[in-house]
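One chain, chain A, appears in both complexes that follow, with chain B as partner in the first and chain C in the second.
What follows is the complex of A and B.
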């Protein structure tokens, strides 16, 4: 494929991003403003002007190593999220399906494929993905390599192994990754740069943990904003900007915790919700209805959970290997269920919503764990089927109806009618 | 030596014949119809692929152990559930390498050592009997049928359509990849889960172009690896001027009527092509 086919001037994504820039200034959370500002620059400038700096990756791949090399990671999930928010995903997904990609594939990946196929984003020069949690990452790498001859690297993560040999195995792959990056970028990894990236990452982790502590208290903001924008903090792990955004997040919430008037207002008595998985990014209005009109405040979302231990500054690659292996979807069900129970207790959760993203096998495939916990703990559980990126087939009224029924079930629980458990999805 | 431990397995990378030679009774998912409706509870299983749904419905109380292969998230979820539901059962997750290069081969060899070690720890040391594994030879020009998990009866149904057309299967339950690897670790095999699958497929097709008359790709709607590779397979086949048919079929014993018609039409097209080639040669 000829590279000159791709131009920022003709990209619809770039045009809409520039329009979004104007509204981004109105975002309530400063951290979200920092992240969105960075992301807009990434998609409108860096991707086009400095493609040699860009490495495509996926959400569970640790980014510290990329920042240490002076590279800019671009996440497929974040990219597709923007496409959905900017109402472009439907068109891109259609294009991908016309090229033979199956309707059942994850829409995050199809949206990115469609955008590359039609020239709205340039093809990747380099791609490094991790194999865990998401099967589509591997497929996308194969597509990149076959379609654009992109050099690709897959970090192969074993399942349910956290012992020394597993850490050594992943660490060895990270060491090979440094050679791969050096070969394909011509850059050198300086130990000082890696130490700095690890330090930034650890600082950011501390701020995020402090934020999560604050979220155990009164609800300080509409949690949908965290689902929509603040997962971007993980994409900046290892960068000074990431540390700055995480600190801003904490400081703003800390300030709010002493100002009750700055907290979210709801039309009905508030209930505290744990949200599992991402949310539909094209349906902001429905999410606002859930929180404001129904009073179901997203107190905590599982994607905000800081699951990894502090990185060892003296052994950074080993620390990154431990980070990868500590993901809670690589542990057994009992450990994961204990984690959910702890979150439900510490965040005083009234109800759990699992968004069953079509195309995802890993998280919806474990929905029985949450249902069992909800039954045992006598709390409401809503299994909400849908798609985070693809708006086709989404009915806001149907979803609202399910959300209303879920709210009613929480009210029944609050009235003390124990034993009533409302579960959708049967 | 009479040992009756029964082990379930779901993937051709499990060295079935080697384990049989150690006295285990090996049972594949297509070997039994004894399904139990008390598998994965509630509606969770709809997110995982139909093959793993099928596996999750098996009556695990009949077996002494299960050997999973870490190929996808669906396998992880079923592994979790069985581990939770049957805490005493021997469970092993065989890790597959991301690519079959030197590193991958080393990793796979290590994985087999780990499997044998864990089996020994659980069931005691086994005297290794001689392997009964025999390599099967190719049949000359054949139609190459590749997919993820194909039920043995489904394969038989397809074979009845292609009566005089030999079919070569590459799928999760055929090929005995594990045994072949242990016999000689230079096996030329890959699967869609591996990063080098498409280059391997392209090279294999090119090298054996004279022996491969056509390609039929079959995929389960929820197997991401196959879904990603199928459009590329079609492209590679077109580039190499090889007839290709892509089918979508859920795992199960029966061949859908819709796919039967497509297979019959494809066979007719191959026959017509063969007749035309013969005439041209005359």
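What follows is the complex of A and C.
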């Protein structure tokens, strides 16, 4: 494979991000503005000017340790999400497929590979992934190592193990990770810095839990914004910016909770939706149609669920191990189903949408759980097959048809329920 | 009176329902390139045939792929909801609908209150739809009526492993080259469609009604009867969507 010259000036991703910067200030939620501002600087400056500070990672890897080292984590999911929003993912995925990455592989990974292959983002100097949830992560890590000689580290997380031995097992790997990071960055981990990161993370967690409490009440914003922008909060866990964004998120929603006029307006009587998995990031218009025109307000999304316990400030690595192991996709099916039932009840959900991202095994593979819960709870369920990143094959009309049928089925359920006044066809 | 117009990808189906919720008449025509004009013509035909004036009818509800193009419609609903209502009108005990149309197929689990409990649609591919069968009939140089019955004479259905239209076509061509009889090829194709559609409805309750233009294919029906004993097919399976749409108009007025 030919070698590329990497330059921010020639990167299409950088160019489009700079264009996006102009509209970012119009974002409705302050937390989203903080996050987008940080992400734009990350992709247009840090990645190019300070590559030695960057560590590539994946969604479920705890970031507190990186921030304690003064490193800047860059997430593959967030990167691919931007590529999709900026209408670049199709080209990058095509390039990756031309390099032999199969059409069935995850488009998040292929978009990142394609962008690196064509020189629109520089290759990673360092990469640390966690093995859980995303089975393709290790494959991407191995690609980084072979293709770019990137030093890589895989956090090997056992499934369905939350006992003391599992915590010790993961904690031991996190300890080894500190040595790996020191060897490859020359940086030292100061206990004060780690304590600060843990504190920021815990504060951020508290704000996010408070946000989620507010989301159990009246819907305060169009939830597709959370799917699009606010999941970035998790990538800032352990940073002061993360705490600031989470606090801003809470304060703005708190203010809205006492201002009914600031809440979302829908063309049809609103229904409360739980969205599972991410959404197609290139299809903002369809998501807005779902919420505004069909009145299907995304009241809560599973990505926003704060699943982990407060981190132990006196034993930070153990706390991080517990955080990793507490992910609900590591637990057994019964526990996960109980969690979904609790969310449906607490957030007063009328219907559940599962976006079946192609190439993902973990979440679509468990679709039967949601179908069963919906059937037992007599609520509407919509399984939407598609791809969050790859726009090829996406038909907005086909997706809208399914969304409309889902809305109609919710109305009919509601009509059958006592006390509902909604008239069919309103 | 209540019109239901199902503007589908391959056919336009129009049903007229009276105030007593009885079917007055119906028409089916190819969608062609001017489906809106076709729908209007079908409505005029029904009026003329039944000595009615358009003024006698006051509600028009549309459904189907082109439902938003029917400008005269006061309201529209998706074909998922309309098929559910249409089938429950014809078969009150029905629990599941399998609808195989020109360009999509769907399985609908019906709720006891007349609506939809759950539904699954095929992905964006012609496999398992009327279009798939039309392509295969053309490859085998048969008209669709002959094709629909031809498989019933099969002695040893030739297994078609792929439900991708393009790959299945190449399997058929390979089969022809091997000397497989048309009857056995057609039976294999019909089995492939039935398998694909049946898997969509597998988790739904067993009292199944088959609708859509493909329900007129004797071969497909026979294959699906083996999978869903007691499978029922309406007297005119192509109009259940339009019937459901007309019923939605009736319900809006009568509750």
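General remarks:
Convention: the second predicted complex is superposed on the first by the 412 of 426 C-alpha atoms of A that agree within 3 Å, B and C clash if a C-alpha of one lies under 4 Å from a C-alpha of the other, contacts with A are read in each partner's own complex, and residues count from 1 in each chain.
Basically, a residue touches a chain if its C-beta (ideal position, glycine included) is under 8 Å from a C-beta of that chain, and two chains touch if they have at least 3 such contacts.
Note that the structure is predicted; figures quoted are calculated from it, not measured.
Contact with chain B, but none with chain C, is seen for A:360 once the two complexes are overlaid on the shared chain.
Which of chain B and chain C touches more residues of chain A: that partner is B.
By the touch criterion defined above, A:283 reaches neither chain B nor chain C. After overlaying the two complexes on the shared chain, residue contacts for A:104 are found with chain B alone; chain C is out of touch. Contacts of A:29 after superposition on the shared chain: neither chain B nor chain C is touched.
Contacts of A:134 after superposition on the shared chain: chain B is touched, whereas chain C is not. Once chain A of one complex is fitted onto chain A of the other, the partner contacts of A:383 extend to both chain B and chain C.
Once chain A of one complex is fitted onto chain A of the other, the partner contacts of A:158 are limited to chain B, with no touch recorded for chain C. Residue contacts after overlaying the shared chain place A:371 against chain B and chain C alike. Of the two partner chains, chain B is the only one touched by A:142; chain C is not. Applying the stated touch rule to the two superposed structures, the overlap between the chain B and chain C interfaces on chain A comprises residues 371, 383, 425.
Listed in rising order, the residues of chain B touching chain A in the complex are 40-49, 70, 72-74, 76-77, 79-81, 83-84, 93, 95, 97-99, 193, 195, 197-199, 219, 221-222, 224-225, 227-232, 234-235, 248.
Within the complex, the chain C residues that touch chain A are 65, 75, 77-81, 111, 113-121, 123-124, 203, 248, 251-252. The touching residues of chain A, counted against chain C in their complex, run 371, 374-375, 378, 380-381, 383, 385, 393, 395, 398, 401-402, 404-405, 408-409, 412-413, 415-416, 423-425.
Listing the residues of chain A that touch chain B in their complex gives 99-102, 104-106, 109, 131, 133-136, 138-143, 145-147, 152, 154, 156, 158-160, 329, 332-334, 336, 356, 360-362, 364-369, 371, 383, 425-426.
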